[in-house]
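Letters A, B, C, D, E and F mark the chains as written, and numbering starts fresh at 1 in each.
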Amino acid sequence: MVFLTRRERFNAAHRLFKPEWTDTKNFEVFGKCSNPNWHGHNYELFITIKGEPNLETGFVINLKQLSRIVRNRIIEQADHKNLNLEVPFMKGKIPTSENIAIAVWDEIEEDIVNLNCKLHCVKVVETENNSVEYYGN
Amino acid sequence: MVFLTRRERFNAAHRLFKPEWTDTKNFEVFGKCSNPNWHGHNYELFITIKGEPNLETGFVINLKQLSRIVRNRIIEQADHKNLNLEVPFMKGKIPTSENIAIAVWDEIEEDIVNLNCKLHCVKVVETENNSVEYYGN
Amino acid sequence: MVFLTRRERFNAAHRLFKPEWTDTKNFEVFGKCSNPNWHGHNYELFITIKGEPNLETGFVINLKQLSRIVRNRIIEQADHKNLNLEVPFMKGKIPTSENIAIAVWDEIEEDIVNLNCKLHCVKVVETENNSVEYYGN
Amino acid sequence: MVFLTRRERFNAAHRLFKPEWTDTKNFEVFGKCSNPNWHGHNYELFITIKGEPNLETGFVINLKQLSRIVRNRIIEQADHKNLNLEVPFMKGKIPTSENIAIAVWDEIEEDIVNLNCKLHCVKVVETENNSVEYYGN
Amino acid sequence: MVFLTRRERFNAAHRLFKPEWTDTKNFEVFGKCSNPNWHGHNYELFITIKGEPNLETGFVINLKQLSRIVRNRIIEQADHKNLNLEVPFMKGKIPTSENIAIAVWDEIEEDIVNLNCKLHCVKVVETENNSVEYYGN
Amino acid sequence: MVFLTRRERFNAAHRLFKPEWTDTKNFEVFGKCSNPNWHGHNYELFITIKGEPNLETGFVINLKQLSRIVRNRIIEQADHKNLNLEVPFMKGKIPTSENIAIAVWDEIEEDIVNLNCKLHCVKVVETENNSVEYYGN
């Protein structure tokens, strides 16, 4: 088994808040991340695939194909967008890094499987100090 | 002369657009950066001071004092904020990296001078691929 | 299960040596790291927590709480300190990266558990070329 | 168990192609990586060892010994070399990152075992966007 | 005056040698960089433009236009190529970082001027330890 | 004119304090950096040379020669050492980054001149947030 990781990036606005909660409660839980006027990040995604290298090509997965999946399914939806308002795969979810990682997994897993590969990990880096990894359930 | 640089960071939302222009014109000039729902970045600031090191302390400037100025004047105003809507020093300005660099310079220069130092450069890093430097006029 | 990682940093002096050994033996085993006059590093800690994201907040752990634990228990004890002489959690231990990782784990695990989370990994980066990970025993 | 990672680097030329295939087929599968005139990379290796820290030294492995193994077995063979033409441990293999990771593992594992340590992972970073990890079979 | 910097990257093979010299002389001067079988690097280019921000847009230069120039003139010629054999702008030049920086400058300057901007600096990063800057003559 | 930069690294302990001052005064000015038990850093040096590339070699300076100078004069003196106690070129100086940059300049300038090159800049990076540049006087 070899694990191959591809990095892709997107820049997006978001806000952490629950519409059912008061502003005070939102601020108490989410702090300055609940600012109603939004803030944003340069997000990095690290998508890890596992598999046996193909005996003919030496590839676990063709990186062009993997990159195309991540760009079509994720980057084109999320780059220069508002994660709360207009990104289909985040609809109805609080855009924490945890929820982004799970949503990215759910969005790309089928396409990865269709290439006879296994999705191993989705890592979301929100800042140089904070990141999240999801390995499926 | 020695040049000392301090890095500080803030995360913010923004949108590049001119209210006088149509959406089409805005999109033509600013592309996806003009998205009405905002997007955002992890901004890095590199503030460079020049001066002779103090003979007693070996410091061009006390980093604690420099950091306090940048945090009070810039980071507290801009971190987890919307650069178009609620950051006083960006009011009425299109929040390009160029305009952020100039506005940061104007905001902190007097405080630096009051410490008997010279502000040399404000560098704004918007993404790993794009940055701007301003040296005053 | 989602894994969340927080980075914190501290700068410290240390020396690798065993008091029971001669200087020659210490130098033979630890090389220039055994210098009696100390040397030092910019240490990076990566603390990884695992858990199910809270259904209400989307958080595995509130990063403010995690950061507070690491700062109170580790950074305040170790930052700008001598790891051999004055850091309580390193007392009696040779300050290799391996031993620092284990000691940090032991120091913070209970506080993490008290937040109903599981500590998954403590990573210590000593230089850009050398790092250590500990996953508990 | 503690995991210790050492980074080493080498710069090399390579080309992805199968001699049995036509140029057209090679280009179809490997794209611009199949350029007959070669291209190259700054490769980073991250070698991870696992073991119990020695009670006397606090070391899982002496980093000088680990570094010597990686430099003798890998860096001296591959640095400033052509991975297709003149690197013994890549002979007959298409130099994908996957195959490099496996070949590095096979090349150093015995020396690691002879130090009473276990090789845990070989990570090959080809570019800031692409990397591979191999954990043995 | 504001200075704007765009990073672009390319991966290439090269060899430092003078055809007029013997292999021994080449090795004496260029060391392992003269390997006849080539080696390679992940090159980073940092292209810096200077100018007054446009009063309407807040841009010194439209980054899309700058990126297009660098990609058309440089990246498409040099990426996944051999700098000695097949890159037009390096023809007849020893591909040291110094010569690459000068050649990139000469290749893109006119296009920058045609956008009413001034090219300020071309920086070539060959490895994390070695880089070169050229500011024109 | 081309500017060539070489990075070298060293790890050292230090303390900021003036022996003539009381502990209270030292702590007031230098804060936790005045800890009598020392602390330390991973220092990065960026040494920049300027000159015309040699017409024969395409080199401003042979990097092997530049690296040898910096290693002999600086790294061997300072790596894994205490900057206050045992580094000849820092004797009698408070080891601020400013003073380190000036001292490194004075230590290597003559050797650079002897290679018919000009020393342009010495940059000292103490942490990811703090750095200093010196261009001579």
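What we mean here is this: a contact is a pair of C-beta atoms (placed from the backbone, for glycine too) under 8 Å apart; a residue touches a chain by one contact, two chains touch by 3 or more.
Quantities reported herein were computed from a predicted structural model and do not represent experimental measurements.
Colleague: Between subunit C and subunit E, how many steps is the shortest route if every step has to go to a touching chain?
Modeller: Graph distance in the chain contact network comes out at 2.
Colleague: Which chain's mean C-alpha position is the greatest distance from subunit C's?
Modeller: E
Colleague: Taking all residue numbers at the subunit D to subunit E contact, is the shared part over half or under half, that is, same or different?
Modeller: same
Colleague: Report which interface contains more C-beta contacts, comparing C-F against A-C.
Modeller: C-F
Colleague: Just grab the chain with the largest centre-to-centre distance to subunit F, centres being mean Cα coordinates.
Modeller: That would be chain A.
Colleague: Once you find the CA centre of subunit B and the CA centre of subunit E, what distance in Å lies between them?
Modeller: 29
Colleague: Which subunit B residues reach two or more other chains?
Modeller: If we look for residues of subunit B contacting two or more partner chains, we find 128.
Colleague: Going by the touch rule stated at the top, which chains touch which?
Modeller: Every pair of chains meeting the touch criterion: A-B, A-C, A-D, B-E, B-F, C-D, C-F, D-E, E-F.
Colleague: Which residues, counting only subunit D, touch subunit A once they are in their complex?
Modeller: Where subunit D meets subunit A, its residues are 16, 18, 29-31, 93-99, 101-102, 128-135, 137.
Colleague: For the complex, give me every residue of subunit A touching subunit B.
Modeller: 9, 11-14, 32-33, 35, 37-42, 79-82, 85-86, 127-128
Colleague: Applying the document's contact rule, which stretches of subunit E touch subunit B when the two form their complex?
Modeller: Checking each residue of subunit E against subunit B gives 1-8, 53, 56-60, 62-64.
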